[in-house]
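The structure appears right after this line, and notes come after that.
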Amino acid sequence: MKKSYSSPRRGLDRRTVLKGAAAAAAVGTGITGFPAYLKAANTPIKIGVPTILSGRVAILGESSVSAINNEIRKINEAGGIEGRTLEAVFRDSRGKPDEAARMTRDLVNNEGCEIILDAEASGASFAVNEVVRDMQQFCIHTNSETSSLTADPKNQVDWVFRSCRQGIHDAVGGGLVAAKVVKEKGLKKWATISPDYAYGRANTEEFMEYVKLFAPETEVITETWPKLFQPDYTENVTALLNAQPEVLYSCLWGGDLVAFFDQASLYGLFDQFTAFAVNLGDYPVLTAIKSRPAGVYSGSRYHKDIPDTPENEAWYESYMANSDVLPTNWAWQNAAAVNFVAEALKKTGGDADTMKMAEATAGLTIDSPFGVDGTLTIREEDHTLVNYMVGYSKTIVDEPYVVGFDQTAWSEIYKHEADWKKRNGYA
Amino acid sequence: MLRLENVVKSFGGVVATNDVSLNFPAGSLSAVIGPNGAGKTTLFNLVTGHLVPDSGRILLEEEDIVGKAPVDIVRKGIGRAFQIASIFPSMTVEQSLMCAVASHFRESEALLSVFPPTNVRRRTEELIELLGMGSVAKLLSANISHGDQKLLDIGLALALEPKVLMLDEPTAGMGPEERWQMIGTVRRLWEQGGMTLIFIEHDMDIVFEVAQGITVLSYGAVLAQGTADEIRNHPEVVEAYLGTETTAEASQ
Amino acid sequence: MNLIVQFRRDLLIAAAALVVLVAIGLGIEHAWPRDFLTAIFAAGLLAMSLNMLIGYTGLVSFGHAAFFALGGYIFGLLLQSQAFTGAMGAASVPLALVAAVVGTGLYAVVIGAICVRLTEIYFAFLTLAFQMFLYSVILSWVDLTGGDQGLMGGIPRPEFLGIDLGDQYHRYVFCAVLFVVCVMIMRIMTESPFGYTLRMIRDNATRAAFLGVNVTRVKLICFVVSSSIAAVGGVILALFTSGAYPEWAFWAQSGEAIFMIMLGGLNVFLGPILGAVALRILNDVVQMYTSHTEIVIGLVIMFVVLGLRRGILDFVKDWWVEKQQARLAAENRNGREG
Amino acid sequence: MIDFDALAACLSTSACLVNQATSGLIIGMLLFLVASGVTLIFGVLHVINFAHGSFYMIGAYFAYTTYVLTGNYFLAALVGAVGAGICGILFERLIISRVYGQNLLMQLLVCYAFILIVDDLVKIIWGAEYLAMGIPAEFRLPPLRFAGGFVPPFYLFLVGIAVFIGVGSVLLVTKTRFGKIVRAAALNAPMVSALGIRVNVYFALLFGFGCALAGVAGALAAPVRSLTPGMGLGILVESFIVTVIGGMGSIPGAFLAAIILGLTRSIGSVGFPLFVDGAMFMIMALVLIFRPTGLLGQGAVR
């Protein structure tokens, strides 16, 4: 551990050191072979990654691991950064916020990690956010799409960044595409089915808000909120059937989305309504759904043809050659995070000090296959990622599964995002 | 002291206690006898509040205790020991008695003192002395002999300094020698304690030797109540009950 | 006063333990011992308070984590409310702590009044059900609780009496004091006449009732006190993570606490703490070698339950008690013969 | 909180009634299969199998693999049931039988451990990501229209099988020699074994049968629910609720309670979508407070 705590301390005096007790504790920890900080200092720059490697979301976590390892491999094979190699340490939090918080602390305290890539879903990300705030630890959130994580000043931390898509950006993009589609077809009555937790609610609310903005005659006639990881969606499917909407929106994801599609197709749901499913576009979801419907609108997650560039194709090939799971939305976001870290480390001369890294990362732009014009930027004002691919495609039954990508212009997104921030009192 | 007036209790269609009226004078030592299923334990359960009679009155010192919770009845002064010793296996004999004494002293919900309070300890020492359990006091209740467990059960009831002490077969499951020893202790406790004592017993020799008053139950009804001599010469008892009971005893 | 005299030995031990804990926390610059111990304080209070029910009273609650979570949420929500901190100023933290304990206690009165009348299996079920109910309320009431994301944006901790809980050293010492005080409260409770009444109920509730013990009331008091202490554990974890999370109310949290008790020993006062430490170390060590921690921990549980059949300290205690009993029995025999 | 208009609108249209009734029935029947295993095992052996959800998961995974290998769904369901049953027998013999008669704490802990181990084993064998079997070719049919409502043929099959198995297991326990021996052994094991009957074998078989019920539920659900390690937990909690409401040990009780819960879910998702889970717990709490033995249960709980 090079880093020391710089926070001023009052009241209790550190010099009231009882060496005996300290020694006893040291002997105790020595016997258990634990914690690892007593081991020799490591030369590689260690990157701690709390993520989800079990449960229904595991595929997302595993694709994150593959992506991170693959990027690190590329960097190390190219000679590392200022002579130092990178090394990632992963921990399975099972998606539990308190576990994620504890593991983040352990990664810093025990494993000697100097950088944290928070590859957690929304719930745990907020927990990790507080830990790294408290520990003054440089961190990039790589997966949480909840807008308030970086938009709300309450959650902002000087040394914490986000390298992933954000709900509000998707909502603007989705709203624009959806408005165009429903206007063409003359559809007005909407229904939503989204998981009953913060992400599901916020995402759905934002999406519908923009649909209404761009297509004012829109009316939501029914909402159904299955629990997260609910095994059976039959009750929700039939509730949708009864309401007889014309258009359906869902931000279910992963295994939940797969189960919903399989159960809904028994009722022929997708023959009856036009449907938008923002999280359908991930490869593992598309391949897992056995009754794959055609003509459902899906948000852009990761796809080797979006953007259709040689760089993206090359990234896909390299990823697939080194992974036993398909790439997901989480995969590209974590890959981007490693690229940002590497770029920032180059600027600091290989020094992983929190403040120096923070300074180097704010406003950083890197070349990336996932950017709209081949670049991605972490915006200085709110430390969040911009300029990635936003838009909707339409599903087809066979490979490449989605076609007809309708891309949303970032100028449009910026305009509405600024309004949204004002409305929410964030800016 | 304890009086029952026309007490009736039935379970479903079966009448377990049929219009029972009994009187146990203060300071008496009485036995309740009767064949299995005569309703002896039911009678005890009714008095101690474990069962509520369908009708009738149960008077303790002229106060009707019917419908009161077992806890309240205990507080009013009716203690009880069980046919199968009901004790606290993981506590020592001493601790068990201390707990009972603490309950009697209204200390069992005391939070801000250490167990046992001094008065509890003192009283428990007296009790152990009285019961003659000094040699087993520090042993776990689970580890002492069957006879000692039965005695401990009585001791627990005694700790409450009851006005009426009800013992359900204090000599159950013992050999002849042990029985006499136990009943001797019971008698001594009665003499020293001055309470009204009622016990259920199968052994006729013991009953006639020890009890002042005897109540005979049969099919839930009182067949007879009287002194040892009265019962011995009661024709119905001799005919309907004693014969079968002695045969049953002999065959055991 | 009397209390201090009667418990002087335990109080001295507690004071010594506190000195050692504080010395470790302040003496070692590295954050690991502080983090580790703070986590143990929280888990230890959860497990120990649960053991008041399981070990002392024989009530197997499968829903104790609900109170742990509730304490954390009340504490966090109050401090996040600007109206509260504005009105209370420097007294905010102590008042929020009191509110968490009392509020959880009141909730426990309601839940307990329903649950303690039931027998073992139904008691376990019902506590589990109420816990899952609270869990689902926390998840669904997004406006108040933040849903699955828990309390976001950190918990403000206004300074009071020169104590700044934003500072990790202050926070650690504060948590250590809370922990030791709660342990001492439980010690007094279990060694008081009330504590022995709990043991009576565990051994033979029917007999206890026939000795004049109001079993339902005693169970309820125990349920409420242990829930309130679990709430303090939740407060410690809320301070530590600067948030509160629905997972704290999930059944697995209760399951883990039950295992801590079992592992450390349920018939020894400090058993659950040993269990908490052992489980945490086991978890962390296993984690360094494999991501399949669950299978290892599962096997350890199997071994402890089927092999040892009791916890570590229970093993020691039983051995000691057996030896002592054998000696006493032998003395009695000799005494009678002689 | 309750949207009475929506509720009334739904209850007065046949299409909605048909839709919600089928969906309630489906949820209820799968729940019933799992819960009947729990209640059967408790009724006879007096142990709570807190690990019952794991057998549901085992059934689903076995069925998945069989289906992938053979493409025969009926065989897959059979393998799921039998596989879960065999695992159940092993679990009973090797683990649970060692804590018979011990306190609840021990039973709870071994089951907790078993859940952890099995979840991790599934992760090692099948991977941590979700798997989906997909609707078998035989059932890829358009939904039937009935009084304006939709009824998927696969669900008809599912309900039929569940009812068949439910009736079968009641008959097995009440009418067959096997059932009579097991029930007698549960009341007085030494007596029955004195008659030269190997009680342990019967107990193990009964336990295995209970687990097979969970296994078949998992196998039946596999085509429409995604498979993940840990999928047993949700169904476990719900099946406990069913068991408690119906009365522990009562299979008809479990049937009744499962239907009540299924309908609460399906009607609730129309009338009070935000309170569906809350309503389930509330029903259970009410039953426990006012009729602690459950709707059709017997025996003392106080």
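Labels A, B, C and D are assigned to the chains in the order they are written; within every chain, residues are numbered from 1.
The rule we apply is simple: a contact is a pair of C-beta atoms (placed from the backbone, for glycine too) under 8 Å apart; a residue touches a chain by one contact, two chains touch by 3 or more.
If you're wondering where the values come from, they're calculated on a predicted model, not measured in any experiment.
**Student:** Which chain's centre, taken as the mean of its Cα atoms, is farthest from the centre of chain C?
**Tutor:** B
**Student:** So which chain ends up in the middle if you average the CA atoms?
**Tutor:** Located nearest the centre of all protein C-alpha atoms is chain C.
**Student:** Take the average of all CA coordinates in chain A, do the same for chain B, and state the distance between these two points in whole angstrom.
**Tutor:** Here chain A and chain B have centroids separated by 73 Å.
**Student:** When the centre of a chain is set as the mean of its C-alpha atoms, what distance in Å lies between chain A and chain C?
**Tutor:** 35
**Student:** Distance-wise, how many Å sit between the C-alpha centres of chain B and chain C, to the nearest whole number?
**Tutor:** 42
**Student:** Please list all residues of chain B that touch 2 or more other chains.
**Tutor:** Answer for chain B, listing residues that touch two or more other chains: there are none.
**Student:** Chain A: which residues touch two or more other chains?
**Tutor:** 53-54, 196, 227
**Student:** Find every residue in chain C that makes contact with two or more other chains and list them.
**Tutor:** As it turns out, chain C has residues touching two or more other chains at 136, 140, 294.
**Student:** Quick check: in the complex, which residue numbers of chain A touch chain D?
**Tutor:** Of all residues in chain A, those touching chain D are 53-56, 58-59, 61-62, 196, 223-225, 227, 229-232, 234-239, 241-242, 254-256, 258-259, 262-263, 265-268, 284, 288-291, 325.
**Student:** Quick check on the complex: what are the chain C residues that touch chain B?
**Tutor:** 2-3, 6-7, 188-189, 191-197, 199-200, 202-204, 206-214, 217-218, 221, 267, 321, 325, 328-329, 332, 335-336
**Student:** Okay, in this complex, where on chain D does chain A touch?
**Tutor:** Residues of chain D touching chain A: 10, 13, 15-16, 19-20, 22-24, 26-27, 30, 119, 123, 127-135, 140, 142-143, 149-150, 152, 154-155, 221, 223-226, 228-231, 234-235, 265-266, 268-270, 273-274, 276-277.
**Student:** Name, in rising order, each residue of chain C that touches chain D in their complex.
**Tutor:** 54, 60, 62, 114, 117-122, 124-126, 128-130, 132-133, 136-137, 140, 251, 255, 258-259, 262, 266, 292, 294-295, 297-299, 301-302, 304-306, 309
**Student:** In the complex of these two chains, what residues of chain C are touching chain A?
**Tutor:** Result: residues 19-20, 23-24, 26-33, 35-36, 39, 136, 139-140, 142, 146-150, 152-154, 162-164, 167-170, 173, 237, 241-243, 245-248, 250, 281, 284-285, 287-288, 291, 293-294 of chain C touch chain A.
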